[in-house]
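Dropping the structures in below, format is structure tokens.
Below are two complexes that have subunit A in common, paired first with subunit B and then with subunit C.
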Partner chain A sequence: MTNPELISFDSLLENGRSLLESQIIEAQTPEPGRLDLVIGPSDLPQAVQTLVDNHWGYLAAITGLDRPESSEVEALYHFCSGPAVLTLRVRVPYAEPALPTICGVIPSATLYEREFMEMFGVQVTGTPDPQRLFLPDDWPEGVYPLRKSFNPQEKVPQVKPKANGDNAGRYIVPIGPQHPALKEPGHFEFTVNGEIVTGASVRLGYVHRGIEKACEERTWTQAMYLLERVCGICSNSHAYAYVLGVEKLAQVEAPERAQAIRELVAGLERIHSHLLWLGVAAHEAGFDTLFMYSWRDRETVMDLLERLTGNRVNYSANLIGGVKFDVDDEQRRTILAGLDYLEERCRHYLDVVSTDAAFLQRTRGVGTMTREQAELLGVVGPTARASGVDRDIRVEAPYGSYRRFPVSIVIEHAGDLEAKFVVRVKEMLVSISTLRALLDNLPPGELVARVPRRIPAGETISRVEAPRGELFYFIKSSGGDKPERVKVRTPSICNFGSVIHTAVGHQFADMPMLLAGIDPCFSCNDRMIVVRKK
Partner chain B sequence: MNAFLSAAALLFFPGGLSLLVSGLAYEWADRKLLARMQNRLGPRWFQPLADVVKLLSKEEIVPYGANRLIFNLLPVAALAGPLTAALYVPLFGLPPMYSFQGDLIVVIYLLSLLTICTGLAGANMASRFSVLGATRTLTQVFAYEAPFLLALLGPAIAAGSWEIRSIQAFAETRWLLLTQPLGFLVALIGLMGKLELPPFDAPEAETEIVAGALTEYSGRGLALFRLGKGVEMVVGLTLIAAFFLGGVGNLPGFLLKTLVLLLVLVTLQAVLTRFRIDQVVRGWRWGALLALLQILVMIIWG
Partner chain C sequence: METRINSPWNRLMDQMKAWARINSPWAIHFNSGSCNGCDIEILATLTPRYDLERFGVKLQGSPRHSDVLICTGPVTRQARERLLRIYEQMPEPKFVVAVGSCGLSGGAFQGCYNVIGSIDEVIPVDAYIPGCPPRPEAIIDGVVKLLSSLKPGAAGAQPASNGKGMA
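Up next, the complex of A and B:
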């Protein structure tokens, strides 16, 4: 591969390496665009501080790896800057399972740290909130599901949950897990004083299915079907990220036509997801007419997806090494006609969300998040782009056929709900024009490349821009027919923190809209979170 | 014989049963028209009736922490208010059943009873959603009640009478809509606030507080509240049509005028986004000012 990006990430990584020179124990480059630096646990906060001070990217995820062969757990702190990924690897022995926190530098790391703690049994000392994040209340202490010694076939004994914290003297309005505002299982508690919100907390995990662990028990192909079911809205994004990663490990490249078809499905999925969101958000604001119209129009793109893939929800378009179906000429024409209709409707919706006076009363200046806050909280996707952060993996680190059929990035600067509406509607328009170019120049060729059943040993990181933002996969193979570890970091978990942050001081009536503003996907990221903010 | 006729009039026509039925019919028209505007199919003609029958046949649960007596009495009072108000209003093209000097004020008070009962019903509960809904309902009462009253005073002042029958007789010869457009607008929007129709449905915003004050009501109580709302809609539309749209002296005129008003209400429901409670209160300051302005204009030129 000789492309100009290689040079750009090489210099980025070289810069990162020189920043941390004094702390590095060992350095390696597992694949192009990545640099892994092994550092000592005590050096971690200092190293993170150095990266943040020099604006070297953002913390994308913390991955845990259990290594029973050397009796240690490894924590991987992934920092992303454009196409480059710098990973700080810290090894923690079983005998002394403790790590210092990095929340002092990056406050939003608390969620990742807590997940790591309960899944791997490592104490992160000094983390602001050491409570359970991910596991249910009746899960026993000392059972760490992502350690290799944990056997998912065995029954885990249930323990009596601990009592909740003291809520005396506070007037709390609960929303969810069963509530007309949220048709999805999340639980939010808003402390109110009259109509003004003075505190907010969120707790998730009601549909946690342990998919990461389940992947370790299945073959590479089976795991793909499982991961596709992480989410019912962006099912293709999950499979897309996974197959890209596995193909990188296997050193196979999907044929050009297959890559274009993947981008086609991803683009249609984005349109369907954003239209769905538009309807839900309008409903939250009490504008049911827009809700009904946008969902009627969403049927168009659902029909296109069904005609193309045979399914409305889990399209099952991907295979490791390619795609399952071709696009014939008639389908191509149907899709183009559908896109014409959708474009006309999206232009209309853009007009509605940016000019309807009654609607703007509920969106303009509501829930504003500044660029600085957005960067500090590590938000991704349209939520970040509505606050002026230019973060879009399709543009920063183009994968698949996004080099050949590029998309342009949509940025708004206001950071309020109106900007979130405008960004998403404009993104649909961008997707439509990209898909047109793609359908007009569909490359000929095969649909599938051959991939071995056993994937060579190695580690890879695969990042895909899902409708809600950056979807991050870390995949490790030990050379067998099953993955050694699959780590999924979904965009919603990055964005939840921003709701809790912006909620305080707003009207209670704005809460459903603020929540809807980030387009939260509960089944995507289901983990348990309790963020308390005074 | 006379007593028998009065009882029949009270219980069946034009009071009682026929009112309930027309309330359900107008509720259906409202829902159906809104659905069609939103590109939905909407309910079948008997859906509101089926809803009420179903609710009446269901178990009523008195939630923990609520006063049982108040819980049971409030729905009855909420339905009784509009039913009584209807007696003084020219329904179905007939003259009002009863009339006396000053009945307009009584009707306006009786029409507020439903809202007050809804608010009290919510305040009677321990549920967060009910209490928040009750707060919003009662806040909204203070916002629209004064402008609504002022708007209806306009025709009364013009006719020089506090009796609905004589105001209607006066209004039959001229369309007061033309001379009092501001009052008409305020009265119509005030009626939407009274009925908690979108965009003034903050007190029962389902995405925030489930069903507001009535969240904990089920079965009979909920059915009575809904019937009360239907009757209030008919009475309110009749009053406005009688005062501003040249009277409702005959049945076709009554149906035509009230349904046209309903169509206006539905259109507003379809095109507007729900206002937050603070926005409602702020907006009604203008409503009150407009109504006052109208009266001022009438006093100066009248």
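Up next, the complex of A and C:
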């Protein structure tokens, strides 16, 4: 593995710029590590093709920006390569709202394109599936929630939903939105031939609440509490990514001690999230004993988090500019003792998931995703690392105190469900040893830095490694006391495509396990997806 | 409204049904737009530390076999129809427990364009458990209070659905 510290993002960005030299209309560097290139809409597919052909990073997100002052919508295609982010900016006027698709080059972009279409009212011509992605079935045509002209306080009329497409001649098993195998609502349709799945589609959006729009109506501090509630499992990661971005905009840096405490909470959150996942995934495999054991041990982490933050779930640990609480000596000792117990248990679980014969029949060789597939589908987090892709923001682009208290990356190469179990359990062990080092060397100092109420105008990107993978925030300020735009790209949306892809050819009974394998988080998605294969 | 014959046999049957209902309620869980916070706490109540099963509560996958609907989250536009359908599929008498601030009032998501509001704007609710999210102890307390209210003669022995039309 290459040491990210040795890669200069300047040379990466310079390389990206030289690849696209002929198409650039305008180039800007909004902050270190970023390069924004304005290109014409018709050049977009060619530019993306050039980047992909030269293996320049992966498509992390498509952000839309409404610019009513110049009557246009701007689309931002963010490509990430290690610590560097290259953004292709394309402007489309209201009068002629159309963009060419890039799905011919990057198939997984279909989700991002469809989200962009319905939220901003821009037609992406040639996109394989132009169906609604995010909004409810009874949402009227021509109402675009993320346009500035849309007022969320006004009641949006309900229209009669369109009928589903023609499914004649296919045998479809619907699952959800309420189903014993689903802990959250989602709707899946599996086309089957006997016991073998031949096609799959997913429709989310049952928990779409419209948080991105709501952030534009709240102050910088209020938005943090809302974003913490994007997802109750990785609530700290959302607040973490948001405060990092806002601090960058305000040119404030949280004190060292605060950064270390953030890493401490993030590490404990990862352990709780992975133990939660281990239990739920074991339950899907019919291994309820493991479910009960791992949830019993998870209570140890919950106790530590509660002792530290006062809350079991939405920790509210972060402030813009710092953290809310300190760690005293007694808490430190309690956490260290808890970590000792958890380490012993994690070693036991590692043994269970890699040796239990009955369990291995459900996981070994099931749902295999090769490294090439993982890279093509743009998966992130433990799902990617189980397929041998070394993608971990904490290592590639260390933020906060991850430079001072680094984590080592855990990689497995098999790509099957067993590898996904092993990666997550090993990650807990890595987190435990990092947290020990952190608690032994907790830097002294203040907890909060002073931050102005109005955040200076600007745009920023912050990326955080959540338990499920890379969490990507794009934040724009216009200099006021409220954000102009907050774009959230959660890890689950990157990983969903991979389930649909790997489902084909598997036994129908393996579907709950395959789904559980990516640790899907429906509320994180905050959006709806329909992917059709076949 | 069914007519009740106040015979000794019927009284005995009612007592037996109430006894069975209080001691082994089957619960179904539906998330109509929650952030997961309440859902993981509900799941935590079923696992060894809190162990809701000691009250005879069993989580059940099918609405047709369930007595209690445990609901989390504000109701989104897309989930509304499904929440109604699940409620309608449950046999009478049925009880609804709304868990979490969002389920009670819309919580942090009030005013979001895709959120209709609290659960009791869509279906009748019998027990409200506040918190963001409520602690497992609070959820257990809510369920136990609901169960003890079902004892014959206790206030609230009738479900909120009785005599009310659907919202």
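Note that in this section the second predicted complex is superposed on the first by the 527 of 534 C-alpha atoms of A that agree within 3 Å, B and C clash if a C-alpha of one lies under 4 Å from a C-alpha of the other, contacts with A are read in each partner's own complex, and residues count from 1 in each chain.
Just so we're on the same page, contacts are C-beta pairs under 8 Å (C-beta built on N, C-alpha and C of every residue); 3 or more make two chains touch, one makes a residue touch a chain.
From a predicted model like this one, the values you see are computed outputs, not experimental measurements.
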{"item": "When subunit B and subunit C are modelled together on subunit A, clash or fit", "value": "fit"}
{"item": "Contacts of A:232 with subunit B and subunit C, given as first, second, both or neither", "value": "second"}
{"item": "Partner chain(s) touched by A:361 [first = subunit B, second = subunit C, both, neither]", "value": "first"}
{"item": "Touched partner set for A:156, first subunit B, second subunit C, both or neither", "value": "second"}
{"item": "Partner chain in contact with A:174 - subunit B first, subunit C second, else both or neither", "value": "first"}
{"item": "Which superposed partner A:137 touches (first subunit B, second subunit C, both, neither)", "value": "second"}
{"item": "Partner chain in contact with A:296 - subunit B first, subunit C second, else both or neither", "value": "both"}
{"item": "First, second, both or neither for A:510, with subunit B first and subunit C second", "value": "first"}
{"item": "Which of subunit B and subunit C A:287 touches, first, second, both or neither", "value": "first"}
{"item": "Of subunit C and subunit B, partner touching more subunit A residues", "value": "C"}
{"item": "Lowest C-alpha to C-alpha distance for subunit C against subunit B (Å)", "value": "5"}
{"item": "Subunit B and subunit C footprints on subunit A, overlapping residues", "value": "179-180, 292, 296"}
{"item": "Residues of subunit A touching subunit B in the complex", "value": "171-175, 179-181, 192, 194-195, 282-289, 292-293, 296, 356, 358-359, 361-362, 507-512"}
{"item": "Contact footprint of subunit C on subunit A as seen in their complex", "value": "135-139, 145, 150, 152-153, 156, 158, 177-180, 183-185, 205-211, 213-214, 217, 225-226, 229-233, 235, 276, 279-280, 291-292, 295-296, 298-299, 302, 312-314, 521-523, 528"}
{"item": "Residue ranges of subunit B touching subunit A (in the complex, touch as defined)", "value": "37-40, 128-129, 132, 135, 198-199, 201-202, 205-210, 270-279"}
{"item": "Sites on subunit C touched by subunit A in the complex", "value": "28-41, 43-44, 47-49, 61-63, 73-74, 76-79, 82, 86, 107-109, 111-115, 132-133, 135"}
